[in-house]
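In the two complexes that follow, chain A is the common piece, with chain B as its partner first and chain C second.
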Partner chain A sequence: MLAYVIQRLLQAVGVMLAVGLIAFAMFNYIGDPVNNMVGQEASQADRAELRQQLGLNAPFPMQFARFVANALSGDFGMSLRMQRPVAHLIAERLPATLELVFASAILALAFGVPLGVFTGIKRHSWVSRVILTVSLVGVSLPTFVIGILLIYVFAVLLGMLPSFGRGEVVKLGWWSTGLLTKAGWLAIVMPAITLSLFQTTLILRLVRAEMLEVMRTDFIKFARARGLPERAINFGHALKNTLVPVITIVGLNIGGLIAFSIITETVFQWPGLGALFIQAVQFADVPVMAAYLVLVAAMFVLVNLAVDLLYYLVDPRLRGERAVAGGGH
Partner chain B sequence: MALLEVEHLRVEFETRRGNLIAIDDVSLAIEEGEVLGVVGESGAGKSITGMAIIGLLEPPGRVTGGEIRLAGRRIDNLAYDSMRRIRGKEIGAIFQDPLTSLNPLYGVGRQLAETIMAHTDASPTAARARAIQLLGEVGIPAPERRIDAYPHEFSGGMRQRVVIALALAVNPRLIIADEPTTALDVSIQAQIIQLLKGLCREHGTAIMLITHDMGVIAETADRVAVMYAGRIAEVGPVRDVVKSAKHPYTKGLMGSIPIMGREVERLSQIDGSMPRLNAIPTGCAFNPRCPDGMARCGVERPDLMATGGPNRAACWLYAPLGVAVHG
Partner chain C sequence: MAGAAPLVALARRAADSDIFYSFRRSPMTVAAAAMTLVFIVGAVFAPWLAPHDPFESVTVELLDAFTPPVWDARGDPRFLIGTDDQGRDVLSVIMYGSRISLMVGFAAVIFSMVLGVSLGVVSGYAGGFTDAVIMRLADVKLTLPGILVALMVDGIARAAMPRELHDALAIYVVIFAIGISGWPQYARVTRGATMVEKNKEYVAAARVIGLHPVTIMFRHVLPNVMGPVLVLATLGLALAIIAEATLSFLGVGVPATTPSLGTLIRIGNSFLFSGEWWITLFPSLALVLLALSVNLLGDWLRDALNPKLR
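Right after this comes the complex of A and B.
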């Protein structure tokens, strides 16, 4: 187990270093940082001095090492556009995005898995057909259309839910949460549903396909022949065997949601990272872009690490092989 | 009254091009503690008969006629949950491939315990103790250490032993063993068969042993039923069927088996092949391949009838000897 975790952690460090290199390269290839910092009228001597001060004359590996060291301490420099430390900007925006993403991931799992199991088992029932047909809407309608439709019905016509923003937020240290106030809960409903719809459909169809596959296997037939109750077969033996692919997809998607919740955030004017990133791109705000890139990569790496550990818990065959591999060397 | 009575069983598969009759008018009986061998080529309907008995025919297959009775109680028309309580508890089953019969994600002890707890009031502790005892009975060394191992940590033969332990977990009165050794190494086939037979004899469990291996049948079974194209061709005590087969198909089958120590120029074979389900000939299904065919065979279907020996055969050759008998 330990060897496995260490191995995965080393891989994660490798990935992060590679991403860090790309983020660092952006500073050198997208404009000259000195130009961005001093005005047009600065003299050649001033520039040279600043260059020396900033350590830009140091060899490339030294510069990169400093970038990594700074990044590790959370220092990504100043935003060119806002003239504020990038770390602060991100710390302000991150909670909104993470809360939205996890709310929608939980919605997607809470609906996707049971509906997938149901449509997998009762595949000839008309209820399953209705669920599958309706779920097509989830994949085929673009996110912004769903968002705007929801706003029109629930905010404009019915006036039940707010159409934009996070509602009232409470500060917990640097983390601002909307989940402790009623207004915050009302505000997150529509964005979370919008963001989760596609995921729900994906999980539903994946679980269904996997269930159909697993129900044909010999061990399910044998479990029936042993006279186990249907519930134990469907939700124990069968569902557990669908988990590995489902965990993979859910993991990849959570990473994707954090990185690309941009459209939903724009439609609902959700003050998250997506909006910050869009603005940074428009202004070529390199420090923000670099920090965003590193952050998103870190999220992906973390989620994938969690996915790998979950595999390990779910499938004893992996444990066996790893244990042999780990113990043998 | 026999333990298991199957009468005039008919199983059909509904397809777009009409219904295929997979099992047609099959009657057989198994006594308490008896080993009935069921032989035949693949597609003869052996496995389907077994699955029909435990009520696990896969759609579109279904029983469309006849009766199945266990100890006098009719079981072919039970609701799913009533039948579930019989499966495992009264009728156990063993399938061909031990590598895929066990759930890879659960330890063998857990699979044993859940089977025991599904059919008895045993506490988890008692079920676990019984599981360890069962693993010992099927010859797994150091069962108390192996109880939490996963299926992939056992060899094929050991896994089939676990499967046997699972089938015997709550002492069923009948085991349906569908090709239990076909997927195994030849060197351990005999061990597994001996184990199964020994355990069943100890517990007084009857076995319906489905196989295409006449060698296994000859060593294990008390009686044999030979199936051909969804029907029973011949049934009788194992000695008589092997030594003095009556039905031309059984004779052909026996002639095609090599026997050590017997001088034969070359093994005989039956010309042609078994008909497909959608092209079963009228009359006797074997008549186009039969060396002893008569005019009547292509028209009228023979029932099992007395042959003058202990065997009964579905063949018009024996018509003069008496009236057709059922069962």
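Right after this comes the complex of A and C.
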């Protein structure tokens, strides 16, 4: 187990170094960083001095090592457009995005798993068919169209929910949360639904397919023969055995949630990382783009690591196989 | 009439085929095909079919701006589904916009298909180290969401090129950005099929008569692995159209001078609150219908070409 964890950690570090290299290359070779910092009137000598000061004359591995060291201490340089440290911008925007992503993930699980179990067990009921058809339409709707439709119905026509921003936020240290005020809760409803819809359908279909598979196995028939109540069979036996693939897909899709949060944040003018990133792309603000790339990669790697470790908790067979393989040879 | 006879025979053969039978039997697929055809014809022949030329400044009147659809009391019979903020006929801009959307979609799919299929055939045929490198690359690509990669590519292109150059090349940048994120699926499918095909006798025969490996790969193996690739390409077209619309909606896609469906939705979105819903909702509807029809066609093709599901 320990060897496995260490191996996975080393892999994670390797991936992060590779992403760091890409970010560093972007940062240093797209446009001249010195040009980006000084004004038009700076002389050749000033530029050369700044170049020396910034260490841009050092050999490549040295520069990369410094970039990694800076990144580890949270220093990603200055935003070209806003003239503020990138780390501050990100720290400001991070809470909004994380709250949105968490709210959507919880919504997706809270609806996707039960609906998947239901459509898996009551396969031929018309309710299941309706749910599946609706979910197919949901997959074909682009995220931003869903957002626009929600805004039109609930903000413009009915005037029930706010269409932009986070409502009222409360500061808890450096973290700003919208989850402590009523306005904040109202504001997160539509963005969270928009972001979760695709994931919900994905989880629903996956859980349904896995349930259909598991319900055919012998141990379920045996559980029936023992006269266990339906509830215990469906949730205690069947659902438990669908969890490994579900965890994998949900974990891998946290990345999808982060990527699609860019779209959702733009539609609802949600002041998060995605909105910051889109502005950076529009204005070619390379340091912000590089930092976003590193940050998203870090989240990916962490989630993947967590998923791999969760397998051990969920599926005892994996522990057994490893032990046998390790001990037998 | 001697020239027509083979054509008639061919049409009869097509009408008798399994694929056409499964097509006819599914009303949903027929409807999806009809809808796709309407979009393609409307887009390709937009300059002749569109009721107005939305980019001809002589005929566009600012006075006509914000005319609602005809069924509204303030509507104007000249503009079936209303006009936008500049007085352009919404139906016409949708037809011209579908042109851009379809063009970018097709080009991006062809780009990722050519790239993916080539790499896949080479990977499957060569095996060993080449195979390992290409497949690792595909794995890395598959873990990153396509839209994120497309945004990154677009951002880098913006940072690396002067503004005017980027504006001129914007449409190609978008095609590249979307196409580059789609290749691994094609590569995987082609690789798998190639590995099966390369052990068959006809490949051995081709090798025995001394053909060049490249000739064998592309002239002999490739035609036999195209079925699944065609399915992927159809489903990929819907994805590419949505990806283009998303990029344009986010303001980093095609420039506003040649609006695609996504650009139209983006522009119209700012008028949603003042009650001019038709400027954004009709292009959205067009986009959804187009994506849904192409998706349904792809689903049908997948089932029709899969003998196991017949």
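As a working rule, the second predicted complex is superposed on the first by the 318 of 329 C-alpha atoms of A that agree within 3 Å, B and C clash if a C-alpha of one lies under 4 Å from a C-alpha of the other, contacts with A are read in each partner's own complex, and residues count from 1 in each chain.
Just so it is clear, contacts are C-beta pairs under 8 Å (C-beta built on N, C-alpha and C of every residue); 3 or more make two chains touch, one makes a residue touch a chain.
Just so it is clear, the structure is predicted and the values come from calculations on it, not from any experiment.
Partners chain B and chain C, brought together by superposition on chain A, fit side by side with no clash. In the superposition on chain A, A:Phe219 makes contact with chain B only, while chain C stays out of contact range.
More residues of chain A are touched by C (comparison of chain B with chain C).
Looking at the shared chain after the overlay, A:Phe277 reaches chain C, while chain B stays out of its contact range. In the superposition on chain A, A:Val294 contacts neither chain B nor chain C. When the shared chain is aligned, chain C comes close enough to touch A:Ile151, but chain B does not.
When the shared chain is aligned, chain B comes close enough to touch A:Leu228, but chain C does not.
Chain B and chain C never share a C-alpha pair closer than 16 Å once the two structures are laid over each other. In the superposition on chain A, none of the residues of chain A is touched both by chain B in one structure and by chain C in the other.
Remark: chain C residues 143-145, 147-148, 151-152, 154-156, 158-160, 238, 242, 245-246, 249-252, 265, 269, 272-273, 275, 277, 280-281, 284, 287-288, 291-292, 295 touch chain A in the complex. On the chain A side of its complex with chain C, the touching residues are 26, 30-31, 137, 140-145, 148-149, 151-152, 155-156, 163, 252, 255-256, 258-260, 262-263, 266, 277-278, 280-282, 284, 286, 289, 293, 296, 300.
By the touch criterion stated above, chain A contacts chain B in their complex at residues 217-219, 221-230, 232, 237, 240-241, 314-317, 320.
Taken in their complex, chain B has these residues touching chain A: 54, 56, 80, 84-89, 92-93, 95, 97, 100-107, 114-115, 118-119, 150, 152-153, 163, 166-167, 169.
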